[in-house]
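Down below are the structures I want you to see.
Heads up, the next two complexes both have chain A, just with different partners, chain B and then chain C.
Take a look at the complex of A and B:
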């Protein structure tokens, strides 16, 4: 089912949590709503579910206005952050609930409910747990029950609120992959809220980056990672190094340091260049003006990558570089050494970009 | 048990920690004196009076005991008390659930005022609660003339006793449920509705099962108070023997007439009810915790 969100605004008291949000979501897409806490992402999800009202705007499901339709008639599946399993029902009863509460006319027979629940339980690999109560399950198992319960009503849209937020790193990764597989199988339009950029980049077809009740950028993981539209998106999607300077004739300058920024031809006094740690090169000799001298303050090697923290010699700001272990070994650098840092790729933002 | 700073290096410093591994463990003297004090206190003020009720009740033999209970006035009092409880407890259950539901699952203006008002009967003396109803429905009261014209009896009759008991006991269920429902939150209800359940189905399948032990606990307390209420009922009942006397009022009358055995016999029935209540309450609270 395709979803259109048109000019949605929402306030809680005097706080505007959503400001004129408009998004088109295509049928069968897996969407991540990514943003820091307080960005309005969960509110938007709850508005889609009908659990929260909206002040202005409309929501269309397949072209049909459902803004004032109650949640129970929206045909959605909602997975809550803390699962919200019915604590007095066992796993089987939890999953069967959505079918059992249907009006008599549309309610499947007892046999059929049983078949359906068993099918879902084997899908989430919990066949042997159907008599357990939620309190007897681990976090990951509860989350899978919550998913099975939401899927039991054959929702047209699956909405997940921080589905993996409360799980430990390993289970999280496993469930992430599993959700992706599930989505490939069922192709139900799915939207999940997360504040974890890695999760969003890893799973989603498209990412909606939100900040302060507004949408900063919508795009595929590749688009938002490689071409962030604003400093916020750049910053939120990963670690960054900041190079401040003056923009002049397509170059970003600061003292001796001077680097090409061909996308900007007009001048600005305080522009900021962003570079990811893995886009930083370390050189032992200074060959041109496109590098800055910096002293290595910390070296941390985990697995195949070496993380190097440096302090700039000219202004004392800290930089972070990530390079493959091989490359690090070949460089033969040590803590305390002064090296030259070259940003391979620099994304420059001018002050106007910050005020978005 | 702290020692002054020990300068003697040969003293094993860790010894104390080994011999007393639990930081909250008390010495034997403190422990036993606390136990003795509480046991003495409980025996003196709770168990002894309770025993004396039964001893006095049975003082003149089993036959007198039975006779004072099957006396028509006593039977009428028991019947009236049970009738009042049977009407008041379900009414307050409905009110308590509705109020707790409203307060914990919705936000609205004046919510704090409502929470405060629910506590009002706890703050007001029962006698005053009784007087309120006399002032409203009594012969000289606000609605007195109207009620007289329509030949409706409230004060000095069953409706008045029920109203006074309702007033006094109405916080019990709500007070018990509000904190419970607050900690449970509303996400299970939201989940139920998102799965297509109606409001009623959500209430019966999700909310009610989650609060059932807390509700039972509140109902038991409410019931105990409804049976035992004296002050408010005394003001509105009119003390008509065999008609508007509840058990506590009947006991008082018997006592004032120096019929000690009869008074204590009826009191023993009330005590048995109270003990049963405590046992059920204990099971309910234990179940609630387990749940």
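Take a look at the complex of A and C:
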């Protein structure tokens, strides 16, 4: 089912949590709502579910205005961060709940419910757990029960609120892959909220990056990672190094350091350049002015990459570089050594009222 | 364990020890005396009735206090504890005056409330109320909105959500509240003697019979009746605990 969100605004008291949000979601998409806490992403999800009202705007499901339709009639499945399982019901009863509360006319027969629940339980790999109570399950198992429960009502949209937020790293990764698979099989339009950029980049077809109640960028994981539209998106999706300076004749300058910024030929403002750690080169000799001197303060090697923390000699700011282990070995650098850091790719933004 | 023995078990065992100085015949005669039997019925019956009333209305009060905001909520919340703090005799006198045939409330009713079993039930309801409210309240507080929302998103209506999701979560607390209120009511003396009227066979509660016997220096007789109460309340509390245990097994708090 396609979803259209049109000019939605919402305030809690005097705080505007959503400011004029408009998004089109195509049928069958897997969407990540990504943003820091307080960005309004959960509120948007809850508005889609009908658990929260909105102040302005409309929401269309397949072209039909459902802005004032109650949650029970929206045909959605909602998965809560803390599972919200019914503690006094066992796994089977939890999953069957949505079918059992249907009005008699549309309620499936007992046998039918049993068949359906068993099917779902085998889908979430919990066939042998149907008599257990939620308190007897691990976090990952509980979340799978919550998913099965939401899927039991055959929702047209699946909404997940930080579905893996409360789980440990390993289980999280597993469930992530599993959600992706599930989505490939069912093709139900799914939207999940997360503050974990890795999770969003890993799973989603498209990512909606939110900040301060506004949408910063919508795009595929590749688009938002490689081509961030704003400093915020740059900073939020992955680690970033900051080079402050002043624009002059198409160059970003700071002291000795200057680097080309061809997009800003005519500006003479203060600006900030952003570079990802893996877009940073380390050189032992100073070749030109496009490098800054920095002292290596920490070297950390995990698996195939070496992470190097450096302190700039000129202004004392910290930089982070990531390079392949091979390259690191060839460089033959050590902690405490002064090297020259060259941003390979620098994306320059003129800050409006933005600071990190 | 030692502490518990000193505080609870030792005093209770003294009752039994004291009673042992009676012969079986005497004991049996004392505890089956028609006046005593009538008082058991009254005491257990009215405590049960008051407990049930309290479970229903106490839960409603707890619900309102948790879920709704209204001016004076804090004061109402504090008022709930008043029956705890008030000397029971004061409560008894106040209730008797209110419900007496000429009292502010009593005069609206064609039948007598004070000096009847109904009056006793009212007094017991009054003193037992905080138990239910205070046990249900925290459970309700911790019961997140999420389970309700989950229920709604799965297509349940308000009534189904309440009956199938919320009430089962509250049962254990309601039962605890009930058993507390019930046990307190069973032993209540101060507030009841005023409103009961203490007519033998009609409105005489068991604790009063014990008191009367004590005043006549019939210590052994008093403890004999006490043993009956002890055994009776023990059986009832055991039964309640069994139900609770069965329920708790599911939750594994």
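The rule is short, and it goes like this: the second predicted complex is superposed on the first by the 351 of 356 C-alpha atoms of A that agree within 3 Å, B and C clash if a C-alpha of one lies under 4 Å from a C-alpha of the other, contacts with A are read in each partner's own complex, and residues count from 1 in each chain.
Keep this in mind: a residue touches a chain if its C-beta (ideal position, glycine included) is under 8 Å from a C-beta of that chain, and two chains touch if they have at least 3 such contacts.
What you are looking at is a predicted structure, and each value in this text was computed from that prediction instead of being measured.
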TODO: Identify whether chain B and chain C fit side by side or clash on chain A in the overlaid structures.
DONE: clash
Task: Contacts of A:15 with chain B and chain C, given as first, second, both or neither - done: neither
Open item on the list: With both complexes superposed on chain A, which partner does A:76 reach: first (chain B), second (chain C), both or neither?
Closed with: both
Open item on the list: Contact-wise, after the overlay, does A:102 reach chain B, chain C, both or neither (first, second, both, neither)?
Closed with: both
TODO: Name the contact category of A:133: first (chain B only), second (chain C only), both, or neither.
DONE: second
Open item on the list: Out of 6-14, 24-32 or 114-122, where does chain B collide with chain C after the chain A superposition?
Closed with: 114-122
Open item on the list: Let me check the overlay on chain A: which residues of chain A are in contact with chain B and also with chain C?
Closed with: 49-51, 70-73, 76-78, 80, 82, 84-88, 97-98, 101-102, 149-150, 152-153
Open item on the list: Help me check something: in the complex, which residues belonging to chain B touch chain A?
Closed with: 187-188, 190-198, 201, 205-206, 209-210, 291
Open item on the list: Please output the residues of chain A touching chain C within their complex, sorted ascending.
Closed with: 49-51, 70-74, 76-78, 80, 82, 84-88, 97-98, 101-102, 133, 135-136, 149-150, 152-153
Task: In the complex, chain A residues that touch chain B - done: 49-51, 70-73, 76-78, 80, 82, 84-88, 97-98, 101-102, 149-150, 152-153
Open item on the list: Applying the document's contact rule, which stretches of chain C touch chain A when the two form their complex?
Closed with: 144, 146-147, 149-157, 160, 164-165, 168-169, 250-253
